[in-house]
Amino acid sequence: MSGSKVATMRDAIAALVRDGDSVAIEGFTHLISFAAGHEIIRQGRRDLTLIRMTPDLIYDQMVAAGTASGLVFSWLGNPGVGSLHAIRRRTEGDAPTLALEEYSHFGMVGRYTAGAMRLPFFPLRSYFETDLPAANPRIRPIRSPYGDELVYAVPPLNPDVTIVHAQRADAAGNTQIWGLLGCQKEAAFAADRVIVVVEELVDEAVIRADPNRTAIPGVIVDAVVVEPFGAHPSYSQGHYDRDSRFYVEWEAISRDPERLDAWLREWVHDLPDRAAYREKLGPETLARLRPTGSAPSGSVDYGRYG
Amino acid sequence: MSAAPATRTERMIVAAARELAGKRVCFVGVGLPNIAVNLAQRTVAPELELVYESGVYGARPGRLPLSIGDPTIVTGATAVTSMLELFGYYLQGGRVDVGFLGAAQIDRYGNINTTVIGDYAHPRTRLPGSGGACEIAIDAREVFIVMRQSARSFVERIDFRTSPGNLGGGEAAARLRAEQGWTGHGPSVVVTDLGVWRFGTDGEMVLVSLHPGATLDEVRGATGWAPAIAPDLRPTPEPEPEELRLIREELDPAGLYTR
Amino acid sequence: MSGSKVATMRDAIAALVRDGDSVAIEGFTHLISFAAGHEIIRQGRRDLTLIRMTPDLIYDQMVAAGTASGLVFSWLGNPGVGSLHAIRRRTEGDAPTLALEEYSHFGMVGRYTAGAMRLPFFPLRSYFETDLPAANPRIRPIRSPYGDELVYAVPPLNPDVTIVHAQRADAAGNTQIWGLLGCQKEAAFAADRVIVVVEELVDEAVIRADPNRTAIPGVIVDAVVVEPFGAHPSYSQGHYDRDSRFYVEWEAISRDPERLDAWLREWVHDLPDRAAYREKLGPETLARLRPTGSAPSGSVDYGRYG
Amino acid sequence: MSAAPATRTERMIVAAARELAGKRVCFVGVGLPNIAVNLAQRTVAPELELVYESGVYGARPGRLPLSIGDPTIVTGATAVTSMLELFGYYLQGGRVDVGFLGAAQIDRYGNINTTVIGDYAHPRTRLPGSGGACEIAIDAREVFIVMRQSARSFVERIDFRTSPGNLGGGEAAARLRAEQGWTGHGPSVVVTDLGVWRFGTDGEMVLVSLHPGATLDEVRGATGWAPAIAPDLRPTPEPEPEELRLIREELDPAGLYTR
């Protein structure tokens, strides 16, 4: 419909992510844009407030690289494996140097939803009788106007930039996702600027053939970056598997600051872009992560009318 | 064909799985709970529907997922939704029968800490935090807790209350839950590597069965308070060979969680 | 997974809809279960509170047939055509006999959502400076716990029964919809009992092939009724068109109480079931409403993993 | 090939369509607004994205839909979502540039009644009610109103305020909208079958152009208050032949709305 928003990752990050921004790279396990995170590190952004339900390895790397001064999150770990040690080193002990703002999962989802809907708060039945509201005074009780019942509220979350990886988009940024949907739609609608990174750039007709599959409309998207394998070691349903082996290996890398620095040099700073990362991963890794077979959704018929 | 004897972890998994008999909708955590739930689906609870906080309902994992967002829980599932709907309509909506939680620290009332060891602002150890645990503890009709037991994890006073259990006692907890309209009735069982605990009307956990090989002295040494022991304390029934086979050959062949 | 919930419409309505119930037959223009509404009329239910965002012809018919004592809604008309005269006759003038409870569209959506989420209220930026809160005191102001901003709240809506028409479901009630989604998911999750009426009963494998397409999981469904063409004169995307001609004709039928009674006799009371209605419509009408061609969504690949 | 002269309804549609020049995202109502918006997309606003409250974004209707939930607006659309998302993320989220409203009654400040004629509890005429109108009036960045004008519809005092316009005056309305965080700036234009009205800083509508064939006397007779007339009142420009052709041949060949 409108002009193309296709850009290189370098140009998209340079134009849309600024020092001091709040940045949400969302995607629950699935479709995490490591490619964008690495480019932010390469461009030396500073003082970012990093927002994610589950900071995952990408924020451990971005914190280790010195991009961040704060973290907004709901679960801080290497799922099924262990810790994010770079983040822990800056949050434990007498003088933490990373500001934490902590919610539960539903609290974070509610915050994005309030942000997307321009609500001044989102109510939820959570936090009762826990220490979380004391730890984070932005979690506040609110009384129902019906029968005086008490629930809790969380405030809206409106990132300066939301970055989402997806299976496909057209040049105008109309974006489709299948598999885990996480809170990408809410995080994108809540944001001031949106970057979509995709496995495949497709014709507008592909999107329009299945409008129920569209997660993010182009009208809220500022840049479309085409970056196959851009979510590795996270995954893209149907394209490649989660590299669980790398998640296990990260435990030892992350535990040792020198090893972590060396890793960042080798896999981020010394590489010009994601194409070089893909090449460095090598054909064996790409082959190892290929799905064992296909599982087609099947096609439904919307019918022509007029 | 004679199998190796059950390990303590395997006893814990089998005991947890058996608790799921007759249950319908279960909110699965990763790791040990995941193996227990999958074992239950293959044995005592064939009707069990698996819910993952990542947005999956009715999962049919083709392999053991390392994370709760693994692609294998998506392909072939009944429904995959946004997290807003999963937490809002399924969990807070009261559709989950059993939620599984782990814990870094637990107290006698089943209150759970997964946030920090030490002071919140200057923690000795920064743990993952709530994730969905706080909501599961409040919204799932009942909560099963699976964790290894030690004097460091079974403590008199937890450092931070991430997920409410029976609060300061059974009666007060039941009253509060009713008043505030919680769907959940709180923790009903704690399965550890030493035995199985249930909760009395006073809200405190009581050891009701002891895994063969574990002793009461061991339990007392691994509990940070003077534990209540059921007068009719029994040995936990032995795992069936088929249960062990399923764990060892199908659910965790690499022994990632069970050894 | 679990036992079959497939039932006839007669049995489903007999078992699940009781005198005095609040009943939501939802579907925004699309997928309105006229088949269920007609069976409720045939079984002579009384004193129902009928809930729908847009009461549409089906509630005009049900009100005319004497099933209802109240109406909860947000837009009362024959879309693009005119009025629902049976309802107007009971709501205009000095002695209205139908209790109206009135919201806006977003208010109704918020009510269902609060019902589905077990929230004591849903906040929205609506109703400011209008006469709606005075007309309906259940619309109440609420202050944000952040910065004191004022918004409005609507209370949760939890129908005794929600009835939804859909393109397909399996025998356990796992239901998929494409095209307009309306608020069916919210209305179903909010309800105590749920009846799903479908164009096609499909194997569980069809549902599991595309889990993102599932709107309603079987666990909340009480009965699955297979009723092809069960939404006519509403429509089922891909199966048949909206019978706009009938919507235009309804204006004159509805305006004249005697004609309306005759219509109810001919098309509802004197027919045993929906199969007879389909037959009475005749092959020409069915042919007229066939889509002019197919518009396949295309298939996406979820991939096999393990 | 000489076409029939433009009817008043056609003049109204063409004038409304031209107001959409340069606009991006438009919330479409059914009937006259729908024809105006589709005409604009084919003429002055090729980039226009059509949003329908039924859940459709970026519609490409293959025929003129009778209702805003017609299947023709679904097939080939960019996105089709639940109404929660449409109203929450698109409309309340502030993504809609122009909302179109009709009215049974309107006052000089652009406040609109679509609920009842007469008393609310015992109405003389029960109208459809708000639907999404109340939210459109509050959340769309600006509101275009399209309606036929008469002394019964342009009234000194509306019987019920369904959708807020400039309230009791421009300054107070602007202050309230800012204070309460409304996205919308309120009504910017009213297009009728007699002419085009805009709003002054005092919040009151002013006749800025008169359709050829209509007279000021006619306007005064069809307005329930003493209407403000712009000092530089001009005739509304004539429809182009192509605009009339599109309406007559493509958009409403049956003349359902335009005759």
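Letters A, B, C and D name the chains as they come in the text, with residue numbers starting at 1 for each one.
Here, contacts are C-beta pairs under 8 Å (C-beta built on N, C-alpha and C of every residue); 3 or more make two chains touch, one makes a residue touch a chain.
Just so we're clear, the structure is a prediction, and the values are computed from it rather than from any experiment.
Think of each touching pair as a link: the shortest run of links from chain B to chain D has 2 of them.
Centroid to centroid, with C-alpha atoms defining each point, chain C and chain D lie 28 Å apart.
Taking the mean of the C-alpha atoms as each chain's centre, chain B and chain C sit 40 Å apart. Distance between chain centres (mean CA atoms), chain A to chain C: 37 Å. Across the assembly, chain C contributes 113, 118-120, 124-125, 149, 179, 181, 185-186, 209, 212, 237, 241, 291, 295, 302-306 as residues in contact with two or more other chains. In chain D, 56, 70-71, 74-76, 80-81, 88, 92, 181 are the positions where the chain touches two or more neighbouring chains simultaneously.
Working note: touching chain pairs come out as A-B, A-C, A-D, B-C, C-D.
Across the interface of their complex, chain B is touched by residues 1-2, 113, 116-120, 174, 185-186, 189, 207-209, 211-212, 214, 217-220, 302-306 of chain C. Across the interface of their complex, chain A is touched by residues 24-25, 47, 49, 56-58, 60-63, 70-72, 74-81, 85, 88-89, 92-95, 181, 183 of chain D.
Contact residues of chain C toward chain A in the complex are 118-125, 138, 140-142, 144-147, 149, 151, 153, 155, 167, 176, 178-179, 181, 206, 209-210, 212-213, 237-239, 241, 291-306. Interface residues of chain B, counted against chain A in their complex, comprise 30-31, 53-56, 65-71, 74-76, 80-84, 87-88, 91-92, 115, 120-135, 138-139, 160-164, 167, 176, 180-182. Every residue of chain C that touches chain D in the complex is listed here, in rising order: 28-30, 53-54, 73-77, 79-81, 87-88, 91-96, 102-106, 109-110, 113, 124-132, 135, 149-150, 179-183, 185-186, 235, 237, 241-242, 244, 247-248, 291, 295.
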